[in-house]
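To start, the structure itself, in structure tokens.
Order of writing sets the labels: A, B, C and D. Residues in every chain begin at 1.
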Amino acid sequence: MSELEREQVESKVRAVIGQTFGLSPTETAGELRMGDPAAWDSMGHMQLIVGLEEACNWSCPGHQIAELVDVPTIVDAICNPSN
Amino acid sequence: MSELEREQVESKVRAVIGQTFGLSPTETAGELRMGDPAAWDSMGHMQLIVGLEEACNWSCPGHQIAELVDVPTIVDAICNPSN
Amino acid sequence: MGNPSEFPHSVPLGLVIPAELVGDVVGKLHYVSEQLAGFRISDSRDTVQFRLKPGQEAQRALVTERLREVATKLCRSYRSWGDKVLVSRPREQFACQEDPHPALEREGQIFRYGNGRYGLGPHMVALVEAFDRQFLRTVESFSPEAHQFPSIIGGDILSRCRYIKSFPHSLSLVHHLREDLEAIQGFAEQAEWGGDHLHVKPDSLAPPETLLSPTVCFHCYAWLADSKQTRPRIITARGKCFRFESGNLRGLERLWDFSMRELIFVGPKEFVLEQRQKVIDASTQLLDRWNLSYEIKTATDPFFIDDFSQQSSFQRAFDLKFEVRAALPYKPGGSVAIGSFNIHQDFFGRSFSIGTIDGQPLHTGCVGFGLERVALALVAQHGLDPAGWPPGVREDISR
Amino acid sequence: MGNPSEFPHSVPLGLVIPAELVGDVVGKLHYVSEQLAGFRISDSRDTVQFRLKPGQEAQRALVTERLREVATKLCRSYRSWGDKVLVSRPREQFACQEDPHPALEREGQIFRYGNGRYGLGPHMVALVEAFDRQFLRTVESFSPEAHQFPSIIGGDILSRCRYIKSFPHSLSLVHHLREDLEAIQGFAEQAEWGGDHLHVKPDSLAPPETLLSPTVCFHCYAWLADSKQTRPRIITARGKCFRFESGNLRGLERLWDFSMRELIFVGPKEFVLEQRQKVIDASTQLLDRWNLSYEIKTATDPFFIDDFSQQSSFQRAFDLKFEVRAALPYKPGGSVAIGSFNIHQDFFGRSFSIGTIDGQPLHTGCVGFGLERVALALVAQHGLDPAGWPPGVREDISR
């Protein structure tokens, strides 16, 4: 996967996170991880996963859900769905 | 106190018991003691004492209340208020 | 206390409340009106002084009338009784004279969650558990059958023994939600804490099937209900008990939710009377081992107004209830009931149809210790530091 | 079971309920409608069959719609997870294969007061107390601080940790009467047991300030609320817990009112994870000493419908909950959860503002054993006669 494609996925991931937790564009562009924003809690995490699955036409295996707690890890998971 | 007066007191006592617990004349004339009739329970006992005090113009000392559980004892207590 | 600005309104009663009845009267006046913010009995005991909640002045006449009605009703039918004192352990000097509640709170030994709801920390738990354990050892010779009962009790049981009508003021009803999807989802969306209560739609609640159990022994009688007993029974259980006491709730002295260890007797009249006396003797040994200052003397239950005078007089007349009152040195002359020794005659035997083989209703009695109050009395008399507690207590804690 | 006259109505779901989700779906369908008299999932798991209460046929369409809605909602968002099994103690042969409830009742070892409300007799009490005592000994090296908490809990506490919205179906609200003379006297006159509930005037009740506590540890977090902790804490308490489970209530397997011993951890993430693992190891020793057949494996809490899929998935994903499931030989393949080992991450640390010195929310975890269920599992596997119980059990009872 090219660097360009990766960047496209990351911006989509950030957009979904921003939408899910009602963030401003500045916040959406900043550092994001579970617990920060505060709305990214247990309920928020599962909403985010479902939102990402729809937006990225991707299916998240159960065992991976717990690892996807920041942007780079999420992007990795979506870009390398075999993992 | 004469036998006659005692009989008068007893018939008054029986009348108050009959009234208090809603007994028939036959029942009122029979053997009566706390627990029989069933309505002569804790609440009933105190209602009876109050009723007897009014009807017989008598005042029952607290320490005697527990002893007055049948007709002869009640009649004794009313006839010998010094006890 | 007598500051007139604190209690601007007065109700002359036209009688003097007997000194020994003041506590009972005060206990009942809390339930008179939700508009009542505070009250006291005047030093001359012939007047109730009170204060209304802000903006409730229009209720003054009604509240006045009710205060007078309740106070005079209780006084009119009062009989004077000399206290019968079975055991007395007075003390001149106490290690501690202060109200222990603030220090207990500071040291993490108690925590107030709300009206009548307290948590206990390690030292207080140690006292509660040690007393309970030691009481069980003390009554081992009775060979009691250990039982455990629920904390929620069916409305059928409380109706059957007249509790609902005699103690309505202290009931705690339990409601679950209706088993209906729309009702449950509606409740979940709308339920919100409003500062002092939960806002709920009443129609989302199912009608009450149960209440919180006010005492341990009712479940025992319900278990034995409609039976003929071939031998006397001695049963023990520890349980949570619940009595809502309105403005009377006060620290560990009076909790809405407390723990009680009970010993229950079911048998012929003489058996029950004899067992009660034996437990009084055994308990005295334990209380002395704990070096408590206390009295065991006649008492009555806190019946609500309509039942109060008659039922209380009856209990007094027949010596049905004795209480252990432990001294609270922080209240001059004050004490707290930490245990009671009760005879019910055949009341529960009749109410629950518990009889002999030939159908005669059996007698019952029970002994109960309020475990949080025992712990309170101990720290009130001996202080908070376990190193200063009596040797018997320290030994019982470490066993 | 599949007798069509027993369940005359059918709801085809248009999907097959995953086998491992059947229990969760059944658990929720009980709350769908008060008109529902009974139901089952078909063997093919693609249909719900049901029966209405007499005279309620008009509700058929509504009930059908709700059953379909709930079942499909739970299935649609379901993810499949392999069970993670930490410990497994299978057994081929059990001393006892029968449901012990009838015999326990016959022998005076249990008594059913009503839906989810049971009393225990001497042998069952001995098991409950011995397990609790031995568990405390087992975790002595953790030096837990013993606490005691109320059984009634403020609506503020349950709101603060989202319990009211996540588990509305299992709540028990507590109402005392209004502090008003007329309301109390009116209630006392009118309150009457109506066969399955108490007839009461709703306007005689004060709005609810408290509920019955569904678990032990909430009171612990509320005690520590809005504090900064200088060191990790390990706290233990035993308490009554209350979860109304409607048609799921069933003997000692699922009580409305049960006893739980908890061990609670508050500290940094690694501390909490490490303690949980240590208690799992210690508990395994105790369960083996009691010669129980059980498994320790991943599980989820019984969230209500709207929260169910997401919260359960989250718990599974992060291995937040492990349960001890003890075999119930009288149900082929069946088991009962007798304990659980839970991690809450920083959920309670955030909800109750329990932080480190520099304000970071702390993590929490708890371990709980349901004492009546432990006793049930023991008699279900080893029989009712104490002489036949494993040596470890007999020893622990006599200590």
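Methods note: contacts are C-beta pairs under 8 Å (C-beta built on N, C-alpha and C of every residue); 3 or more make two chains touch, one makes a residue touch a chain.
As the structure is a computational prediction, the values presented were derived from the model and not from experiment.
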Other chains in touch with both chain A and chain C: D
Reference chain C; chain at largest CA-centroid distance: A
Distance from the mean Cα position of chain D to that of chain A, given in whole angstrom: 34
Approximate Å spacing (C-alpha centroids) for the pair chain B, chain D: 58
Chain centre separation (chain A, chain B; CA means) in Å: 88
Approximate Å spacing (C-alpha centroids) for the pair chain C, chain D: 30
Sites on chain A at which at least two other chains make contact: none
Touching two or more other chains - residues of chain C: none
Inter-chain touch pairs (all): A-D, B-C, C-D
Complex contact set, residues of chain B against chain C: 35, 38, 41-43, 45-47, 50, 62-63, 65-66
For the chain C and chain D complex, residues of the former touching the latter: 30-34, 36, 66, 69-70, 111, 113-115, 117-122, 124-126, 128-129, 145-157, 159, 164-165, 168-181, 184-185, 187-189, 191-193, 196-200, 202, 205-212, 219, 222-223, 240, 242, 244, 246-247, 256-257, 259, 304-306
Chain C residues touching chain B - in the complex, by the definition given at the top: 77, 79-81, 307, 309-311, 313-319, 345-347, 350
